[in-house]
Structures are given as C-alpha cells and as structure tokens.
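The structure follows.
Just so it is clear, A, B, C and D label the chains in written order, and each chain counts residues from 1 on its own.
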Amino acid sequence: MNEPVQHDIQMGKDVGRLLLRCADRPGLVAAVSTFLAEAGANIISLDQHSTQQTGGTFMQRTIFHLPGLTAARDALERDFGERVADVFGMDFRLTEAAKPKRVAIMASKEDHCLIDLLWRNRRGELDMSVVMVIANHPDLADQVRPFGVPFIHVPARKDIRESAEQRQLDLLRGNVDLVVLARYMQILTPSFIDQVGCPLINIHHSFLPAFIGASPYRRARERGVKLVGATAHYVTDDLDEGPIIEQDVVRVDHRHSVDDLVRLGADVERAVLSRAVLWHCEDRVIRFGNQTIRL
Amino acid sequence: MNEPVQHDIQMGKDVGRLLLRCADRPGLVAAVSTFLAEAGANIISLDQHSTQQTGGTFMQRTIFHLPGLTAARDALERDFGERVADVFGMDFRLTEAAKPKRVAIMASKEDHCLIDLLWRNRRGELDMSVVMVIANHPDLADQVRPFGVPFIHVPARKDIRESAEQRQLDLLRGNVDLVVLARYMQILTPSFIDQVGCPLINIHHSFLPAFIGASPYRRARERGVKLVGATAHYVTDDLDEGPIIEQDVVRVDHRHSVDDLVRLGADVERAVLSRAVLWHCEDRVIRFGNQTIRL
Amino acid sequence: MNEPVQHDIQMGKDVGRLLLRCADRPGLVAAVSTFLAEAGANIISLDQHSTQQTGGTFMQRTIFHLPGLTAARDALERDFGERVADVFGMDFRLTEAAKPKRVAIMASKEDHCLIDLLWRNRRGELDMSVVMVIANHPDLADQVRPFGVPFIHVPARKDIRESAEQRQLDLLRGNVDLVVLARYMQILTPSFIDQVGCPLINIHHSFLPAFIGASPYRRARERGVKLVGATAHYVTDDLDEGPIIEQDVVRVDHRHSVDDLVRLGADVERAVLSRAVLWHCEDRVIRFGNQTIRL
Amino acid sequence: MNEPVQHDIQMGKDVGRLLLRCADRPGLVAAVSTFLAEAGANIISLDQHSTQQTGGTFMQRTIFHLPGLTAARDALERDFGERVADVFGMDFRLTEAAKPKRVAIMASKEDHCLIDLLWRNRRGELDMSVVMVIANHPDLADQVRPFGVPFIHVPARKDIRESAEQRQLDLLRGNVDLVVLARYMQILTPSFIDQVGCPLINIHHSFLPAFIGASPYRRARERGVKLVGATAHYVTDDLDEGPIIEQDVVRVDHRHSVDDLVRLGADVERAVLSRAVLWHCEDRVIRFGNQTIRL
C-alpha cells in the first residue's frame, strides 16, 4: 500500500472498528472476515475472546481499512446486520476511528485525574473530544480554562441532589458519548445513570484488605498495608461495584506518611483512569455480565 | 578492619542484633549508640522508625559487631537492660546473627510455598534451621525428604482438631522459634496459637475487591479482576487479619483461565511468603499494634 | 458442547495449533477461517499481528478443535498447504496440543533455572517432556534425579569444546524439539547451533546500563543501579543477541549487597526463563527478523 | 509534644537536616546523636549506610527538631564542625526544611517532564521554589505561564552554544540551588557544568539492551524489547553517565506501536524525574563515587 494510504490509516481516515458479541459457534470468524473481504475492507487487526473454550460467549474487535468508509458506513452497517449479525444472533457496533468520542468530565475539587485527562488529550495521546467539564465546586476553573474546554459549575450536595442532577442531565443528554467521573465526590442516583444515555467511568482507590468509608488512606496506614491501588470501572446502580476496566497498585511501607499514601494513590488513580478512558475511546472494552474484556 | 574480621561478619560471627521499642523522646539514639560504643561494639547498620514525628512509638534495629559476642552476650543483655532499657522504658531483644532461628513448616497437599522455602534454605539464601515439616496429608513426603528435613504426618480434620493440635503442640513446644503455615489449610484454634509459644506466619491470597470463602480464583475471574495477590501476616486469633508483613500482586487479564490465575497466584504466594520468612529470620520485622514495621 | 468434549479440550485432545506467517494482504483471515470451518474445525482462539498497518508481515496463531485430529492431521496439513498456504505464500506449522515438546535442559552448577523448570513441569504448569538434563559438572545430579529425568554429565571446557559438543550433539540430534540453556555457562559454537536441529532458548542477566563480562552484579552495584533484570532469547550465532522472548526486572537499592543482587537476579532469571519456555511450548512465539511476536 | 509543635514540624518549621559522610569507624552514631541531644535537638529520623560492613565510607541523614533553628543555625553549624566533623574527618551539610531549594528547569519542546514538575509543585507534593524555566524554543511559554513561573526563551543550537551557555549562566549563577534538565535536548559543555555552581539532574530513556543515538524507540521496537525505561541522574562531564538517582521501566509488547512506546516512555520519564527531584529537594540523595545512596 502506498505512503498516502499508510498516513491516512494512522490518522484514522477510512478506518472502521467492528465490535460484536454472540453465542459461540463454529464459523463466526469465517463469516465476519469473509463479509469484510467481500466489502473490499482490509483487516488491520482482529482480536477475539471466548468466555469458555466451547459453549460460551464470543466477542470480537476487528479494525479494518475501507476506502470511502464514511460514505459507505450506513450501507455497510445494514448489510452486516442482515447478512451476518441476524444469522448468528450478534450484538454489534460499528464505529469510525476518525470520529472521536464526545466526553464530559465531572470533577469536584481534586485536580489530578481531571488534569491528566486534559493534558493527555492536548498532547494527542488520548483521542477524544472533551465537550465540557462539570464541577460541583468552582475551584478548578482556572486550571481547566487554558485547555480551551468549557468549565461549568453546577453546585451539588445531598440536599439539592435532585435539582443538580436535572441541570447535569440538561447539559449532558444527547451531547456526550461518555461521562468520566474524575474524582467527582457526589453519589449519582440510579435515575441519573439511567437517563444520561451513555456509559460512565469512575475511579476509586482500592486496598488489600479493603477499607470502605471515610479516611481510607489513614486506615490503610494504621493497618500497615504494603500496597495502595486504584480501580476504574463502569458505573452501575451498585456503587463502586460495576465492571472493572483497569486496576493497578504501588508499593508503600511504614516510612510513608498518610500524606505520602494520598500522593502515591493520586498517581495510581490518574494513571488507571487515563488508561481506562483511552481503552474505552478506542472501543477496546466489551462488557460481559459484571466484567469487562479488553481486546 | 582486616580481612578475617570482614569474613567473620559476613558469616554472622560476633554480629549481634538489638531490637527495641519504647515511647519516643529525645536522647534515645544517643543513649543506645553510646552504650554500644562503650561496650566496644561497632555499629554496622542502624534503622529506626517513629510512628509519629513526635510523641509516638520509637523502634530501632541495630546491627553491631562485638568480638567475643557469644561469651559476652548475657552480661551485655543485663547491662543494657539496667543502664538503658529500664531508664527509657524499652522493650528490647538481643539476638546473635550466627544462631539461625529454628523453624517448623506446616503444610497440607500443595507444594509451592513449602518447596520454595526449603529450596532457598538449601541454597543459603534463607538462613534458618528447618527442624521439621508437619503435614496433615502424606502427599509431600517424597518431595521433602531429599532436603534432609524430618517429615511428620499428623492427620488433621475438623472432627479431630483437638487431638491433632495436641500432637502438633507436643512436637513444636520448646523446639521452634517460628511456625510457618505454608498453605496449611486447617484452622488453628486460639488455644493452639496461645500455647505454641512462638510467632506463626501465614500466607493467603488477596484480591481487589476481596473474595472471602470458597473458590476465590473462580470468583475473581468472574468479576474480571486485573490483579491477583497474596498477603503474608502474623497469625492472631482473628483469622487472616493479623499484622501484615508483606504483600504483592501480579497482573492478569481476560485471557487467563482459572487455572492460570491459580498458577500465577501460587507464584505470588511463594514469593511473598519467602520474603516474609526471610525478614522475620533476619529480625527485621517489629510488630506494633496490628501492623508491622520492617526495618 | 457437552461436558466430555469440554474436558477433552482442556486435556488438549483433538486440539490443533496452526501458526502462519506471510506478506500481509486482504482476505487472509477469511481464507484461513473458511478453510478450518469447511474442515469441520471450531476455532477456539485466534490471534494475529501485522508488523505494519499495511504492507507488512502478517502472523497468526489459531487454536482449533477438530474431532479425530490425530488421524486427520496429515491430510489437513497437505490440504491447507495446497489450498491456502501456497496461494498466499505462507510459512506455516501445524501442531497438536496433546503432543508435548521434547525438551533437553543444559545446565552447569547453578540450580535455580533448572529446578524451576523441572518443578513447574512436575506440577503440571509447564507441559513439556523433559527427556534429559545435560550438565558440564556433576554437582546437580542429586537434585535432578528425584524428578525422574536422566542426568547426563558431559564435561565441557574451552579446551575440549569440540569433542564435548560432538557428544552433546550425539545425545540431542533427532531426540529433542527444544534445548533450554538453564545457566549453561559454556559458549556454544555456530556449528553446534547449526547442527542441533532445533531452537535453543537462553537466559542472561540484563542491566541498565549494560555490564558485559565478568562480575556483572558487582559492577552493577558499584554503579548504583536501581533495577536488575533478565532476558530470555533464542540463541543465534551472535552471543546473547538473539530474538528476545521475555524480559523482566526487580527494584534494588543501596541496601542490597552483591549477594542480595545475585539472589534477586536469580529469582528474575528463573521467572523469565520459565515464562519463555512455557510460551514456546504453547507455540505462542513467532520469530520475525531479530525479534519475536508473542501471540 | 503538643499540637502546635506537631504542626510546625509538618510545615518544616524548626526542622533541620544534617547530612554527613566520612570514613567508617566506631562511635560515629554516638558522637552525632550525643551532639544533637546536648544541643537540645530531638531526632525525628535517622538513616545511615556504610558502603562496606567495615572499613568503608559511612553516610548519615538525620532529621531533627530544634526550636529556634533559624536563629541558632550558624552557631550549630560551627559547633558541629569543631566538635564532631573535624574530629572524625567528616564532610557535612546542614539545611533547614523550611527553606525550599531554588530550582531552574531547562526544557526544549516536549512538555511532559516540565509540566509534571510544575504541577506537583503547585499541588504541594514537591517542595521547591521554581525560579525560572529556560527553554531553547518558545513553544511551551503558554503552558508555563499559568503556573506563575518566569519563562525565558534562550535560543540554543550547536552553532551558538557558547553564547547561549553564557546567557544561561548569567541567569542561573548564584540564583539557583538545582538545575533540572527536563528533556532539554542540547548538550551542555563541561565548562557550563563547572561554572553553573550547583548540581544538575537529567532524565534519559533507557532500554535493555541499550540503544544510543537517534530514534531509540524505533530501534527498540525493531529489536522487540519487552521493557522501556528511564534513568534520572546527576550530570557529570560524561554525558548520560553520571550517578544514577532513580530508574524505572514499563512493560511493552509487539502490539505497541512506536508512538505507543514514545507515550509510555514519556510516562516513565516524568515519573522517574519527579521522584529524583523530590528526593534531591528533601536532601535524601548522597553522592558517593559514581553512584548515589538514597537515605
């Protein structure tokens, strides 16, 4: 393939992503790859996973190059639905790499996760379109503005939760493909999660053993833990119990103060959240029951 | 210092370890180091820790070289008690590096932790004297015998717990300085722990989030965890809740089967347990409340 | 699929592995998966990689289940060659999961890598058939014999290299599918590597920056390195420069003595070598130029 | 100790740091700790290291609390010199925790290390006073200004090195305690290093095996490395060969593109450089020959 095409692919031009999930059975890979070959698409990469060696659920992520994808997309989607997905009982999703996801970031007073996402986005490491930052405190406005992203202050507390969520929904609904909770310290109701109409990704600290509730770092230090960590997950009605996307830890010891643990925990949190958002924006993460598969 | 002395120190000859703990106050380091200097001892290394910057608990581990230590030890211990420890209200312990701890390992059917300990001991990496292996199943006898360590089969089950523990106590009491539970799958009663007369170290798997009970690896996989880990801790009456000595994790993903998780978990377990036993045998671990300080 | 079949697959019965490599072009995945579907095989997993997004080299590893594989294998191989491989100019290899690789381990005086391989094999973690251990020193005979593996002492030194290699070749040629150099401290000549007729995997320590030659751990400590590591690679004529299969490191600091570095380095070496041998035995590693792709 | 004093210590008020280095001999710890006790200082923490168990070089870092330190400092320094340092032939340095180091950061076009340092400083994680950023390109001005730090553009290229270094020296000499090269891509001459009058810390990528020269990430990928890393070190006349302060690595595999390696490498670089600068600013790093000891 010639150089200009190579360059287009790197920019995401004419590159499609096909994600699918169905009951496992023979012939799936052949059916999908034959469809794509006949449509004139070249497979750039293909990853698949079965939850069991036989009889489980099959998931596949295929990246392909098809000249003129944007114009052809609707027809391709319809054809794939009729000729493949319906035959095998597949859920599927077809996206274009050149169309970044529209993302809202919700934050509170802590900057580490928020700034890491904005900074990676500006550097070109994290392909997304950050359409707004919603914060329940005004503190971070000055830090966000230089990134050229709207900063919207929506006060939120327990006593005004209903009206706050209504304002947030007015801002978000239909406007975003993903909401990232970047240390947004308020509980979101099941009603909000239901109505917002797109996935939400959250980050929380995690420890061995677990410390739920207030002052987790202080209690972790009192227990003498040797690792502190963070977990990024999709938000479900079960607070902090949704499907895990990514986890990581950092070693600590008795010489670390509570402040040190908070600082090291912040480093893990921002790294874990940024990886989870990156993988989601690259359509790598497939939900399956209460877990995720990263292809 | 001349070469023969250097060599003696490496062999632990004439090398003492002084561990102490007391309420923090000015002058502690000066008092201890002046005592040792006046006794003719040279400090090889000194590590200390205070639980708070002021007003907390002070702990110190001092390694020193004193020609003729074995002969002088009792007098040294008495003098230190009178001239330093009593003055500052210290708990202290004085050990000789040349006298390895007597260790019993309790095992069941799984070999990975047991063999790793015996193998490191044979290689000279882990200075201890393994005086017996007690197992509630006979399966590992052939694996243990080539290491030249007595293998004693004491059947143990829930219904014969009392008599089993009595036989174990008969073997252990007065004969060992440490009991290592190397995947010994039986519960030990508070009475046993109380009577055995020495510390016990246990290893258990650990996950984020935690899975307590049966089939933890299967449940961890169903939850889609990204890390599996292990925790080594001193045994207290609270099962699996004693002071943590060491923890570690290994990354996993959806491609790992339950068997893979078990295999990777075994690697972490043996590494973590071996490190914990090593540090204990080097007198590096000081207990403080429900945590440990590793100096 | 019913339970007995599920169990057969876990045992590797009727499970085939197809590895292939060719110039990338559209239609490859479709051609291979259609061939397998028509042959009655069910794809269990499929991993592929292209060295460039377009115009590079394409590699694929496909695991499939085909009842009666052993009987059908020769015909399947011939058909695939004619109908797919010849058409696309593919190199390919077809193996049966139920037929473990025959492996010889060459060692010297150090036991850590050798014992780790034998121990994982005995535990069932590392599916291979260890047909012999060849050592240029007799020291490890007693450690190897309990594993039920022949231990063959072939003295080897610089001055008798030619005759030693001839004896080793007499033992190995035609009898093994893989030679693992488990800290075998002798140089092997290009002539030996050429004649042995199977791949060789070697392990060596590695540092940042590199210390080539004698006493690497001493020099690493003098340089104050913060990481020590190990690299497992296929052996080529360029000593220690062959395609890398796996690498890892462990953190160290100024408190670690040279002995500590050697001990920690041994832990990394055995872990890295065991992973490399496991992946090779599972046909996961494809060589490409002077690198490897692990599918 | 009462609450106000506890708070003062956390703020660094009346907290001193004493670093010393001398030939090892008995009585050193006693002499120093007795001196401090007699001066009315309370030892908060004490770390020491000997390069050999006997006969080597002894290094110690002592953190102490002394009410009225700022006023008493000069006398304390003089007394310690006369009564302890001169007696034992010590090099020593006495600093006040409340007086942060004055730091200049030199950068070029890449932002990741520079921004991470400024951001941690603003968060209060990294106690230093950034007095200026000097860059040989104007690109990063807009990113630096919101941090309230002067951005000074000093064009520098091979052909104008002499005049550029002269301008840089005019800015730096006498004004800073540390220069951090945050991906400053120009060579600095031995003359500059000699005249600048303070330590310099540099960051560079590091690989196993090493790739020196242009396009290291491309060559690392072609070699199929499994780890990419970074090394922070003090600058000496030997380019990139000065005493190592910190190193770290991240795992990569064949699925990572060159862009991915650059991105992951940037994450390691900024983490490693920030840790090195933090430890230096806390007076934790002692140089010894061509290595560092971190106490």
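Just so it is clear, a contact is a pair of C-beta atoms (placed from the backbone, for glycine too) under 8 Å apart; a residue touches a chain by one contact, two chains touch by 3 or more.
Computed from a prediction, not measured in an experiment: that's the story for all the values here.
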Maximum distance between Cα centroids and chain A occurs for chain B
Interchain centroid distance [CA atoms averaged], chain A/chain C, Å: 36
In whole angstrom, the CA-centroid distance of chain A from chain B equals 42
Touching at least two other chains at once: which residues of chain A meet that condition? 49
Should the pattern of chain-chain touching be classed as line, ring, star, complete or other? complete
Residue numbers on chain D that touch chain B, as the complex places them: 1, 5-6, 9-10, 25-30, 33-34, 36-37, 41-50, 52-55, 65
Spell out the part of chain A that touches chain D in their complex, as residue ranges. 111-112, 115, 119, 123, 125, 142-143, 146, 263, 267, 271
Under the stated contact criterion, what part of chain D meets chain C in this complex? 49, 206-210, 222-227, 229, 231, 243-244, 246-249, 253-255, 289-294
